[in-house]
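Shared between the two complexes below is chain A, which has chain B as its partner in the first and chain C in the second.
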Partner chain A sequence: MEHYLDLLSVLMLLSAIMLVSHKRIRSYIRTFRLQAILIAVIAGFMGFESLMTEGSIDILVICVIIIALKVVIIPMLLHKTFANVEDVVEKDFYLNIPILILMSCVLVVFSYFTLSGISGLASGHVNLQVVNAFSVILIGFFFMISRKKAIGQIIGYLVMENGIFVTAIFSTHGMPFIVDIGIFIDMITAVLIMGVMVVQINEKFDSININNLRNLRG
Partner chain B sequence: MSTITYLLLQIVMIILLAPLVNGVIGKIKALTQKRTGAPVLQMYFDLHKLMQKSAVVSDVSSWIFRVTPYIVFGTAVVAAMLVPVSVRILPDSIPGDMIMLFYILALGRFFICLAALDTGSAFGGMGSSREVMISSLIEPSVIVVIFTLGLISKSTSVFIIMETMAQRGSSFIGPVTILLFLAMLMILIAETSRIPIDDPATHLELTMVHEAMILEYSGRHLALMEFGAVIKQMMLMTLMVNIFLPLESFVTVAGFPGVALSLLIYLGKMLVLTVIIALIEVNTVKVRFFSIPNLAALSFILAFLGFMQYFVLGRS
Partner chain C sequence: MGLVLWIAPLIAVALSQFAKKARTLHAISIGVSLVMLVLAGYCTHAVMVAGELTYTIFNGLFLIDSLSIIILDIVTVIYFLTSIYAIGYLQEEVRHGKISSEKLRLYYMLMYVFLFAMVVALTVSNIGIIWVAIEATTLASAFLVGFQNDHNSLEAAWKYIIICSVGIAITLVGIIFLHLSSVDVIQSGDALKWNVLLSEAKHLDEPVLRFAFIFILIGFGTKAGLAPMHTWLPDAHSQAPSPISALLSGVLLNSAMYAIIRCLTIVNKNSGDSQFAGRLMIGFGLLSVLTAAIFILSQKDYKRLLAYSSIEHMGIIALAMGLFTPLSIFAGLLHMMNHSLTKSMLFLASGNILQKYNAREISKIQGLLKTLPITGTVFLLGLLAISGTPPFSIFGSEVNVFISVFNADQAGLGIVLILLLAIIFAGIAATLFRVFFGSADAGQVQPGETNLPGALAICVLLIAIVVTGLYLPDGLKDLFIAARQIVLGG
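Let's look at the complex of A and B:
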């Protein structure tokens, strides 16, 4: 059981790094969907375990919500938003891709050294899984600041949220149901609002490059 | 079975089967495109035809040009001898070191690059410059994979690594194994000039890498070059299936049936890996030459994460 969770946490980290190496919007969304499927599998495993031991179905319900929300609805919304934006390939980054990939490797090492100082985490299987999940948060954040287009930033935000969810589920084996539901509702609202914003920015500035937002237009 | 007989059998088997891998890959690609495709044995016919033709050698070329095909073929065969097709058949370990293995291959590559420069054709120089760039980009990942496997099995001997991986048995889809497998898959693709890195089926000036280097060769020299390339590919695939898909523990019978069963399992594993490679070729396009560093960095980071998961976090 723990063995498969180890594997899943590594695959999750891998999908975050794959995301950093992509530069097409369709690949962004595909990788995000892949990551969402991995999270659903993790939640499914955890939920099944808690159903067997404690008889609660909370995490299984959350697993179903993840499948509905992150695997189906959000990628659909993103596709819809990006359909009327012109750029399908991000052409310029602040750094080139090999350096971005190596930097995310540095982030993994960093998160290991940060987390090893926290007592209670440094033992057992939790350690590896939490390090991997925490790295996903950092990589999502790093992805966000490395992209110049608004689309990359939305995806980075979603990946960060995935990382937070997985860190929580690995370190506590299930947060209170109401908290999870609250986060999901926040997230879908955020995606809806950001979708509208992207379309607006694109209309006003003819581009979704956030550098243009600094210029006054009049 | 004594070690010498075993080595001879193994090398004959690898040499005879090597061109078949390309045939199977070609057939799978053709079938996915709704074509009939060339017969599976096509490469044997090609090699036979080339062997009977005389070789044309340019007047301005030096001895390096003439000696390279033999070096390439020789290094591939020597490297293939160091990789056991199955650890169960052998009475005791055969010598063979992972680091030596990869640098024997590097010797062959070094001579290909020299020979390509030797005739002074523009394509040769371009091809060898690209080849050197790709191999130096993929080298960090090779080193990290070798040393992680070495740390796991406390040795860099190919035989001992394979044996350790076979004894791990049921845990063979652990995080480390899957990360190293993916890194190794990219190394395999880069070393054998397959599609995301290089296209073996094209002679387009802008994209060819390996083909550009052997452009000046003809007749039996060309046959030896191509034969060397497929033996090298077969060797790397053998290394991969035996390290990452160790199924030897299922063979319990000893003696001749055991040997036959091990060989059957080996062929099955090779077929699986061949199908994986063919599917990658079908599903991806050749990347732009300046995007290859991305793939190399990805391969390096996969290997490094595998190293970290094993060595720092202590998970297998």
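Let's look at the complex of A and C:
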């Protein structure tokens, strides 16, 4: 059981690094969906375990919501948004990809040392999984700031959210149920609103390159 | 009864779906804000009598005490005055064809959702739900910030939603670690409730809790406008329609600060002193004041200047809370109220100026006292108030912050703080006071107030800050003392 979870958390980390290496928006969305499937599997495992030991179905319900939301609905919304904006293939990142991947690895090492410095965390048996999940948060954040296009920022935000969810489920077996539901509602609303805004930005600025958004300063 | 606070804004959303005329929409808005005001009054009374107000429904999810009721009262009062102001403001915008009547409906509906999320954040006992509600305030107000739908407001809205969503996501990491620190102590039914966390604070896992607080402070600090996470704030506050700016600055910043204070209380009770959390708060607070001072000195846009001044005052509040002495907490809480009233008054007045002159640049405004006699006077007095001149209320709370800084043997900190505030005063005087002099171009602007209900609303706020500057009623004082006791750890 533990081995499977270890494996899944490592796969999740790899999917985040894979995301950093992509060049096109379509492949961002595809990798995001892959990561969502991995999360659903993790939640399924944990949910099954908690059903067997404690008899609670909370995590399994969450797993179903993840499949509906992150595997199906959100990628669909993103595809729709992307279809509405003009598709110009141009260099979408500030540094080149090998450097980006190297820096992602540095982030993993960084989160390993940060988390193992905290005595309460290092004692738990979930340590490695939490490190991986926490790295996904950092890589998502890094992905956001390394891309120029607005959709890249949305994906980065979603990857952060994925990492946070997995951190929660590995370290505390999930947040209280009602909080999790609230988080999902917020997330889907956020993606909807950001999607609408991307289309508006595309109309006003003729591109979704956020480098154009620099009128307001000082 | 208190639960109606949650239901009323939602009913208003439903009602505005069916409203046909603009007049009906305005009437609903006034009605709701009046209902909220009455309910807040009822809750205040209940809290003053019993200490806290809670219901058994939803496992005690609804819980308010003296600390939350103070912020809730600020929200409802400012919301009420803003909705009076908004009638005149929006009519003027519709007359000039800047917004259509369909967008008017959207404006009001988003505003109710915004209000709902803010009230929920202030009245729930679960920190996780507070998180959900504060994220919801971002989402509801994002379109309001970008309401004018031009290049600048769209840029402001995009920055706002991205920076605040990421900040809030960082908070969520903190809340997970907060949950982790309590997972062995608190049963799952009571998980993340601040009242339970506070009473069990001594048994929480200290290193994890501290780790959690860093994330929570950075995340909610983004929303509260603390430097260096403040970058969304000047854009959003200056581009939003003025009633929304008043709400963002006067109300939303306080809600985020409230969440920080709740967590600060838990961390400080856990470690027994304010060494760790206090230093972080003081650091961020001082940096915010410094940032604001620099940007105010060279500001060319008056709404942005007011936004930077909000950063400054949030910094002062964070610093006062970080000191964590009884006097500084009292002064900090008082400052939250004073800043909200003064700053929302200024933003509302700046809305009148913007509509009259149709310009955001300070250099294009002249002869304000002649063209807008009421707004101009209020704006002048408000600027004096916000920079800390007696007899206005901000002077009182700022002096108390200074005294508490020096009492805590932090003379160096106090001197730096006073110097920075002096720079800010000079900056405001140097950049903004010129708008009152000179004569307006006769061909460009017609003298005379256009928004009479708005003028009334800002006058009420002016009276409020003068009165509370001279004299704090006993009931209010008791409430603040009770809140101080809660922040100190009960």
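Going forward, the second predicted complex is superposed on the first by the 207 of 218 C-alpha atoms of A that agree within 3 Å, B and C clash if a C-alpha of one lies under 4 Å from a C-alpha of the other, contacts with A are read in each partner's own complex, and residues count from 1 in each chain.
Quick note on the criterion: a residue touches a chain if its C-beta (ideal position, glycine included) is under 8 Å from a C-beta of that chain, and two chains touch if they have at least 3 such contacts.
Remember, it's a predicted structure, so these values are computed and weren't measured experimentally.
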Side-by-side fit of chain B and chain C on chain A, or clash: fit
Between chain B and chain C, more extensive residue contact with chain A: C
First, second, both or neither for A:A190, with chain B first and chain C second: second
Partner chain(s) touched by A:S21 [first = chain B, second = chain C, both, neither]: first
Touched partner set for A:G182, first chain B, second chain C, both or neither: second
First, second, both or neither for A:N215, with chain B first and chain C second: second
Contacts of A:I164 with chain B and chain C, given as first, second, both or neither: second
Contacts of A:M76 with chain B and chain C, given as first, second, both or neither: neither
First (chain B), second (chain C), both or neither touched by A:F141: second
First, second, both or neither for A:A68, with chain B first and chain C second: neither
Minimum Cα separation, chain C to chain B, after superposition on A (Å): 20
Set intersection of chain A contacts, chain C complex versus chain B complex: none
List of chain C residues in touch with chain A within their complex: 126, 128-129, 131-132, 135-136, 139, 142-143, 146, 149-152, 154-159, 161-162, 165-166, 169, 172-173, 175-177, 179-181, 183, 188, 191-192, 205-208, 211, 234-235, 238-239, 295, 298-300, 304
Contacting residues of chain A [partner chain C, same complex]: 118-121, 134, 137, 141, 144, 150, 153, 157, 160-161, 164, 167-168, 171-172, 175-176, 178-179, 182-183, 185-186, 189-190, 193-194, 197, 200-201, 204-205, 210, 213-216, 218
Chain A partner contacts - residues on chain B that touch it in the complex: 171, 173-175, 178-179, 182, 291, 293-294, 296-298, 300-302, 304-305, 308-309, 312-313, 315
Footprint of chain B on chain A - complex, ascending: 3, 6-7, 9-11, 13-14, 17-18, 21, 96-98, 101-102, 104-105, 108-109, 112, 127-128, 131
